[in-house]
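I'd like to ask some things about the structure below.
First chain written, first letter: the chains are A, B and C, and each begins at residue 1.
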Amino acid sequence: MSHSVAQPRLRDPDARRRAGWALLALLALWPLVQIAEFRPVDLFDARNLAVMGGFLGQFFPPNLSGEFLVFVLKATIETLAMATAGTALAMLLALPLGLVLTHSLSVSRIGPGPDRSVGEAIRALARMVLLILRGIPELVWALLLVRAFGLGPAAGVLAIGLTYGGMLGKVYSEIMESGDTRPARVLLETGSGRLMAFFYGLLPGAAQELASYTIYRWECAVRASVIMGFVGAGGLGQLMDQSMKMLNGGEVSTILIVFLLLVLLADALSVFLRKLLA
Amino acid sequence: MSAATFAERRAAMGFCLQCWLTLLLLSLLVWASFAYLSLDLSRLFSAESGRGMLRFVLRFFPPDTSAEFLRKIAKGTLETLAISALGTLLAAGAGLLLALPAAGRMGPVLKALTRFLLNALRSVPELVWAALMVLAAGLGPFAGTLALALHTSGVLGRLFAESLENAAPEPARALVESGAAPALVFGYATLPLIAPQLIAYSLYRWEMNIRMATVLGFVGAGGLGQMLYYELSLLHEAQASSVIIAMFALVVLVDAASAFVRRRQMRPGG
Amino acid sequence: MSFELDRVGLIHDAGQAQGQRALRAVSIKVARGERLAIIGPSGAGKTTLLRILASSIRPTEGRVSVLGNNPWQLNGSKLRQLRSRIGFIHQAPPIPPRQRAITAVLAGRLGQWPWWKSALSLIYPADIAGPRDQLARLDLADRLFDRCDRLSGGQLQRVGVARVLYQAPDLLLADEPVSAMDPALADLTVSQLHQEAQSRGVTLVASLHAVDIALRWFPRVIGLKAGELVFDLPPEKVSEGVLRDLYASETGVLPSQDNQPFHLAFEGHAVDEAPAGRGQVPVAPPRVI
């Protein structure tokens, strides 16, 4: 441009840097698109369209026959029961591990006193166990447990219990550590045991937050147990999996509606319970 | 020292009847859940099932670490990462588009409609979307990408709409009053204001999606999950355990990275 | 012997670069049943000294012996036993705000009760009369079932005192136990501590911010300044000069419970500059100045 010769300083000083970043982003995007086999044309492949079209066509009307609804109702209750039992199991696992992990409940750290290294070793072990529990997604646990315990909700409950136990344990100890830890410390200093120092010193201050987080996890557990059935671990997912394999659109749409209601219900219930606590 | 009077005993007990009732109700629900599923925990944790469990676990050792299989795992890991990244990116775009009407910028009718759409997208779990997308687009990572994108756009759309509604209106009003077109007002005034929050939400969601992407393959939507499902169905426990280890490493690394980033952001001047 | 410190020194955060020296070569011997007050300016190391006696911090130098044991050579369960025999009244009692006063007082016995008793006591108090009687001694019996966040600062402090009275320890340590109370209440509380110590023949050590209370009530007074023991005297030998040195006060105003200008009544006593840590002092009855 002729202007730029006369006034070379009038360019946007950031323009080149921005262009560079944009180019880099595009370059990074390309391998992503390749690896993910991102080919929207597949959606319009004649065969896929036919399958999907037929399937979606059956979505209306949803299957509302009495017999099927009874199935759905049973599966829904099973799903909720799985989430509840799994969360209870997770709490059972998380409380002791979380207590072990909490520094402010450590007697051997006062001073430091005797058995300090033993205490540190136990803590490290507990941290490791929690990491392994939550580092493996719940559905993977379920897939493995189905093989060990057979098809059915037991595997789902255990899978939720293990993964969420790992998550709850870590967060429990973080919550306990974030509040006022002096009451517990003072109790330990007058010779009380660690469990009672927790009950008398930490729990009164932390109970609300602990409960609130557990409720949130229960909500997540409902979402998780909805899909457990896809690996054979019972609940609504199993019904969905069967209907989907038979390409029964009417049944699938009914189950989808139930999903929607269930997730909204768990959402609302969780908000309500947490408001009750506050 | 006189013994406690009756009034004192009652006062000692009268404490939070409500709390005890709530606890009782919750315990009852938990008990009912176990009963409904007819779970027998004592049987699950019996010595016999323990031995069976041990035998089962031992079959997974040692993991397959042959170079050829490790290469496959590396490919699966990349595929998982690509699915999650691309899915989240698409969802961020779609979420932003849907957030505009959902925040009520195009009238109340559209607002209600998009809100319902967002809720529907959000309430169908990723894995169910994946099962549906496998039908629509065939087996493979593309289905997984679409599934993540669909579910996540529901989640992000809602969050984005909330940010939009809470954004300070003054900069936008100033531009509107100077006669700028609505689209330009959005680009020049509102977006710069909420962009950091949108990016933070998207990154956070990406983190969750990486975890999710590892299991989408169970219904045939690509990534490490598909490998695991395949190897397990062939009873290749050694290979399966390598895949599980890779999943674990991926999840833990992402966890650590995000904790690291968050800690750095928290530090002043970082 | 109730406790003995032999050239005890302490540096807070000794490992780190900005370690703070809180105590230097403190030696002191106290027999069972003695009652002594620790006075000294803020930051002198009073709290630190008491916490060493409570075996809740380990000294960096010197030797400690408490109730016949060196706490840092005991194993875990013996140390726990020892700690349950020591009561510590904190300046700001660390009690969870949502806890009831009765539970807070009962918590004093956690080190002595079997765990199932402590656990059951969460559901229904294992003992009602005990906490009530201890609170009654401090004129607080009517707040037995109140939650601690509904109490005033001075009331909460008394709950902390009641907890330790209920614990019935063999060594009673008190860190500024009356700092949030008015003079009358402070006198009542200190008198109850003395009564407890005298009737059960246990040792009482209290750090006090108010010199008048220290001199009026305690048969033995210890001065601490910049982490060092500067005097260890019976109260009648604590002269105004000694106190002025301790607090480095030029104006002559010394800290007292009611914040009124405070002057010694027994001016004219010869100041005995006895060496620190010289052992026992006969127990004198409380005197009114």
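Assume a residue touches a chain if its C-beta (ideal position, glycine included) is under 8 Å from a C-beta of that chain, and two chains touch if they have at least 3 such contacts.
Just so it is clear, the structure is predicted and the values come from calculations on it, not from any experiment.
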Centre-most chain, if every chain is reduced to its averaged C-alpha atoms: A
Per Cα centroids, the chain farthest from chain C: B
B-C or A-B - the one linked by more C-beta pairs in contact: A-B
Chain centre separation in whole Å, for chain C relative to chain B (CA means): 54
Separation of mean Cα positions, chain B and chain A [Å, integer]: 6
Contact footprint of chain B on chain A as seen in their complex: 29, 31-33, 35-39, 42-43, 45, 48, 51-52, 55, 77-78, 80-82, 84-85, 88, 131-132, 135-137, 139-140, 143-144, 147-149, 153-154, 157-158, 223, 226-227, 230-231, 234, 237, 240-241, 244, 247, 256, 259-260, 263-264
Of chain B, residues touching chain A in the complex: 29-30, 32-34, 36-37, 39, 44, 49, 52-53, 56, 78-79, 82-83, 85-86, 89, 119-120, 122-125, 127-128, 131-132, 135-138, 140-142, 144-145, 211-212, 214-215, 218-219, 222, 225, 228-229, 232, 244, 247-248, 251-252, 255
Chain C-facing residues of chain A, complex: 107-108, 110-115, 180, 182-183, 185-187, 189-193, 195-197, 199-205, 207
In the complex with chain B, residue positions of chain C that touch it: 100, 102, 124-125, 128-130, 132-133, 144-145
Residues on chain B engaged by chain C in the complex (per definition of touch): 1-4, 8-9, 11-13, 15
